[in-house]
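Next come two complexes, and both contain subunit A; in the first it sits with subunit B, in the second with subunit C.
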Partner chain A sequence: MQIRIERLTKTYANQRGINQIDLTLPEGGLTAIVGPSGCGKTTLLRTLAGLIKPDSGAIRFGGKDVTYAPPQHRGATMVFQNYALWPHMSVFDNIAYGLKLRRTPAAEIELRVTDVLRRVEIDPADVKKRHPQQYSGGQQQRIALARALVVQPHLLLMDEPLSNLDAKVRQRLRVEIRNIQQSFGITALYVTHDQEEALSMADYVVLMNEGRIEQAGTPKEVYYQPSSYFTAHFLGDSHTLHVRRGAEMKRLVVRSCDMTIGSRAEQLPPGSARDYPLAESVEGGWQLTGEVTNHLFIGSSYRHMVRIGSQTFFADADEAYEPGVYRLHLPEERAYWFEPEGQGADTGGRMISGVTA
Partner chain B sequence: MNNAQTARAAGTERTAKIPSSIWKWLAGAGIAAPAVSIVGIFFVYPFIQSLTESFRTEDGAYTLANYGKAFRLYAGDMWFTLWVSGLSLGLLLLLSVLLGGLLRLKTASFVEFLFKIPLFVPFVVVGHAMRVFLAPHGTLNSALMPLGLYDPDQVPSIAFSTAGLVLALVWKNIGFALLLVLGAFRGVDNSYLEAARNQGAGSFRLIKDILLPMGKGSIGVVAVLTFSSMMGSFSIPAMMGSADGRQMLMVDLYYQIVYQQDYGVANALGVISYLVSMGAAIYYMKKVAKA
Partner chain C sequence: MNAETAAVQPAGSGMMTGARWRRLLLRMILMAGALFLIMGPLLSLLIWSFAEKWYWPSPWPLEWGTSYWSKVFEGKMMDALISSFLIATAVTVICLIISIPLSYMLARYRIPGRTILLLLFLLPQAFPQLPVFSNAMVLMYRWDLVGTWTGVILIHLVGSVVFCIWTMVSVFQSIPTSVEEASTMLGASKLRSFFTITLPLAVPGVIASSLLVFLYSLDEFTGSLLIGAPFKTTLPVFMYNAAMGYEMQIASVTAILLMLPGIILLLLMQKFMKSEYLSAFGRV
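After this line comes the complex of A and B, so read on.
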């Protein structure tokens, strides 16, 4: 079912809400909303769930207007950050609760709960005796997912479902949640503050900032074609360099992972970082001058701390470089530049002509 | 260091260690002593005395006669006391859970304030207010009179009946019960309620399926404490007591002490009510606290 959100607005007295949100969730796809805390992503999610009433705007499920419908009459179920599984009920009762409220016959409840448990890979054998707290965090989140899916909702809402889990379980569950969502073919909205999670799981990424949608598109689009300084700076481990282009100042956003240390041969004489331009346009991209202060072995490669100007970048390389001043390379298609702050709207684009710092 | 020195060092160490632990123990005991002695002097001793007195006649012989007499005279009143306390408790729990649930789901500070008033009204005042309100020619009946529901010469009375007694006990205890129940309900994380609402539960379901089971520990505490306090209530039963002769146990106990001066029977009645209250507490520990 297609979910449309039209000019949805909710303002709070002392906290940021959402402002004129227009969004269509692709049917059967997973849309991730990502943004810094306080950007309004959770407000948007809870408005869709019916837990918050918007000030204005509309939410349409298919053709039906559900803007002010109570939570139980809109067919949007939610997975919570802390799972919110009721500790006094068995796992079976937790999952069956929504079905019982809908007066589903007991035999059918049994069948549907067993079916959904199999699909989220929880052993249905002893779920009537065991309580949620007897399961691991990852399992509990899968049980929560089963509870949300068993009532066959039109929309599945997930509010940072993995943020209470440790890194390893989180990695695994990303794939599992994605697989489950695809196997059910359900339209899903996934809220996270973790950009990596959003980029890796979603069909469609919505980047929010200060109650507005900053940019929306496929993960590749928002990552490689940032339309604003905010997007470019928010995604990836990004840093901003203020560079001069002729008479104008520009902001050049550089993502650490796009930057490479050329080779050992490009080490410059010691103490000479200031003698070279911070960033200059060269054939095929940019040449930056930075000082490698130290490096860490991170398994697959070496991560170097590189000081460029007053900022520290990470630059990964297959071999470890000694501390010293090096030339670094940034390919042209990975250089994002913007007007400086307070100079009208950001103009997205790539730096073309040469500048010096 | 030679052997003698080692032995001496070990010796001083040992003699130094033992007193320090004794000192620690004494210091601990010293801190606890005032509290323990207060409990001992003012609670344990009177209780033991009351217990022994209940088994003795006036000439000092040990016997079960006091209990025999207590049961012979007051078996009916014992059942009546249990019945009134039980009924009041049931009503109280029902009211405070429903009210607490609604207040948890929807904030209404004025209503909450209203129900906290009984906490600060003394028992005798409640008793008197209820007498005035519920008496045959009291406020309630006078207000209803114009409706012509009953014959003015034969007005029904809620005061001086079991209903009046129950009403007054519930009124007096609702503030305390609500305080604890609402506290427990407020301790239930919002996400549990939101998850249930999200699954389709309305207010009544939220109270019955989520708040009540998750707050049942505190509700158990309310139940045991108010049941014991109702069993032991005196001023309200004395002022609202039924006219047909059935009394609550504390009124009987007062009668035995003040008018009959039969301390043996009075002590026996005291021990019996204590055992019933303790029974409720044990039931609570086994059924509610464990789960």
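After this line comes the complex of A and C, so read on.
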């Protein structure tokens, strides 16, 4: 079912609300909302769930206006960060709860619970005897997912479902949640603060900041075509450099893996100790001159600490470069330029010491 | 390093045996002392309850027997025992009916003046019991409740609702809201969600606090004496009367009978009381 959100607003005293959100969740797709803490992503999710009443705006499930409908009448279900399973019930009863409320016949409940358990890869054999707390964290989240899916909801909401799990389980469950969501063909909204999770799982990524949508699009679009400084800086392992492009002062966002270290230079060009060193235009991109101060082995590659003027950033390379002055290359399409002024919303200034535009 | 490993060595090495015996002996003496301090008065109660004749300066009763036990079980004591248990049951039930919804709301909703409300409940405990109860008695005279079971139950509720609410608030606070949200999202109404999810999860806490209330009511004396006596007699009041009449044996038997449910219920409660309830206790 297609979900439409129109000019949805909810204000709080502490500014963690949402402001004029317009968004459409495509039918059968997984939309990920990602943003820093306090950006309003959880408020948006809980408003969709019906757990928070918005101040204004509208929510439509299909053609139906559900803006002020109570959560139990929306047909949306939720997967929580802390699983929210019921320890006093067996796993079977946990999953059958929603079906019993819908007065499903016992025989059908049995069939559907067994089916959904197979699909989330939990052994259906002893679920009537075992309780949720007898399963591992990853399994508990699968059970919670089964409980949310078995009632065939119009919308599946997931509130940071993998945050409590360790890295390996998280990696695996990412893929599995994605597969399960696709096999059910269910419209899903996934809230996370982990940009990698959002990019890898979603059909559609929505980047939120300070209660507004900063950018929305496919994972590739938001990653490769950031429309704002915030998006460019938030996604990927990004750094901000204040540089001169010709006569203009610019903010340049660059990702660690995009900048390549080239040939050695004899010395730093004049004026490069300033806060706005020059970015020279070369064939196919840009060239900066910087000083490699040291490097770290990070497993897949070497991470070099590079100083350009008074600014420091990291550049990854397959081989280790000795300390010294190098020419650095940045392909044209990987250079994201932004005006230095209007720093109201940005957090990018943290890499620079004592720079004011 | 060597000294450490030696200390960890089990009893096998002969060198340690002397020190070990001395330590064991010391521990036994200390334990016996503690046992005497705790059990001494209780033991004297037990002896008194079986003493038929016991005059000074004899260190032991001159005659042993169970005649006082049978006397107690034949006489008014049984009435007092039964009414005490009935009252404690009634107080517990009413107290739960009042405090479960109230403490749930206090735990879940941002009620304005929440802290003040909770402190208000505590107020009767902040003053000495006697003035609070005598004032209550004045009120109850006006409503003709003095000397009635209703009056005794009401005076017990004054004290018990307080700590019932205080413990239950922390019980409900220890249950995450997301478990309720999960059930409403699946289609359950608020009421259904409360009865199928929240209340079952709160059961250990409910049992623990109802045991506390039951015991409080069973042992409550001041209020029962002021409101109930002489027309309605609970077990503690009965015991008091017996002791005042220098019937040491009757008083001892009653005291033992009063102690038993306390011991049994406290043992039960240990099973249900979770440490998180205690740590959350009084957190407003």
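Convention: the second predicted complex is superposed on the first by the 317 of 357 C-alpha atoms of A that agree within 3 Å, B and C clash if a C-alpha of one lies under 4 Å from a C-alpha of the other, contacts with A are read in each partner's own complex, and residues count from 1 in each chain.
The working rule: a contact is a pair of C-beta atoms (placed from the backbone, for glycine too) under 8 Å apart; a residue touches a chain by one contact, two chains touch by 3 or more.
None of the values given here were measured: they were computed from a predicted structure.
Model built by superposing both complexes on subunit A: subunit B and subunit C clash. Legend: residue contacts after superposition of the two complexes on their common chain; A:Thr104 is shown touching neither subunit B nor subunit C. In the superposition on chain A, A:Ala49 makes contact with both subunit B and subunit C. Applying the stated contact rule after C-alpha superposition, one finds that A:Ser227 touches neither subunit B nor subunit C.
In the superposed pair of complexes, A:Gln181 makes contact with neither subunit B nor subunit C.
When both complexes are overlaid on chain A, the residue A:Gln139 reaches neither subunit B nor subunit C. Within the superposed three-chain model, A:Thr240 lies out of touch with both subunit B and subunit C [touch as defined at top].
Where the contact sets of subunit A with subunit B and with subunit C meet, they give residues 49, 51, 71-72, 76-78, 80-82, 84-88, 97-98, 101-102, 147, 151.
The touching residues of subunit A, when paired with subunit C in their complex, are 49, 51, 70-73, 76-78, 80-82, 84-88, 97-98, 101-102, 144, 147-148, 151, 157. Note for the complex: subunit C touches subunit A at residues 176, 178-179, 181-189, 192, 196-197, 200-201, 203.
Residues of subunit B that touch subunit A in their complex: 189, 191-192, 194-202, 205, 209-210, 213-214. Residues of subunit A that touch subunit B in their complex: 49-51, 71-72, 76-78, 80-82, 84-89, 97-98, 101-102, 147, 151.
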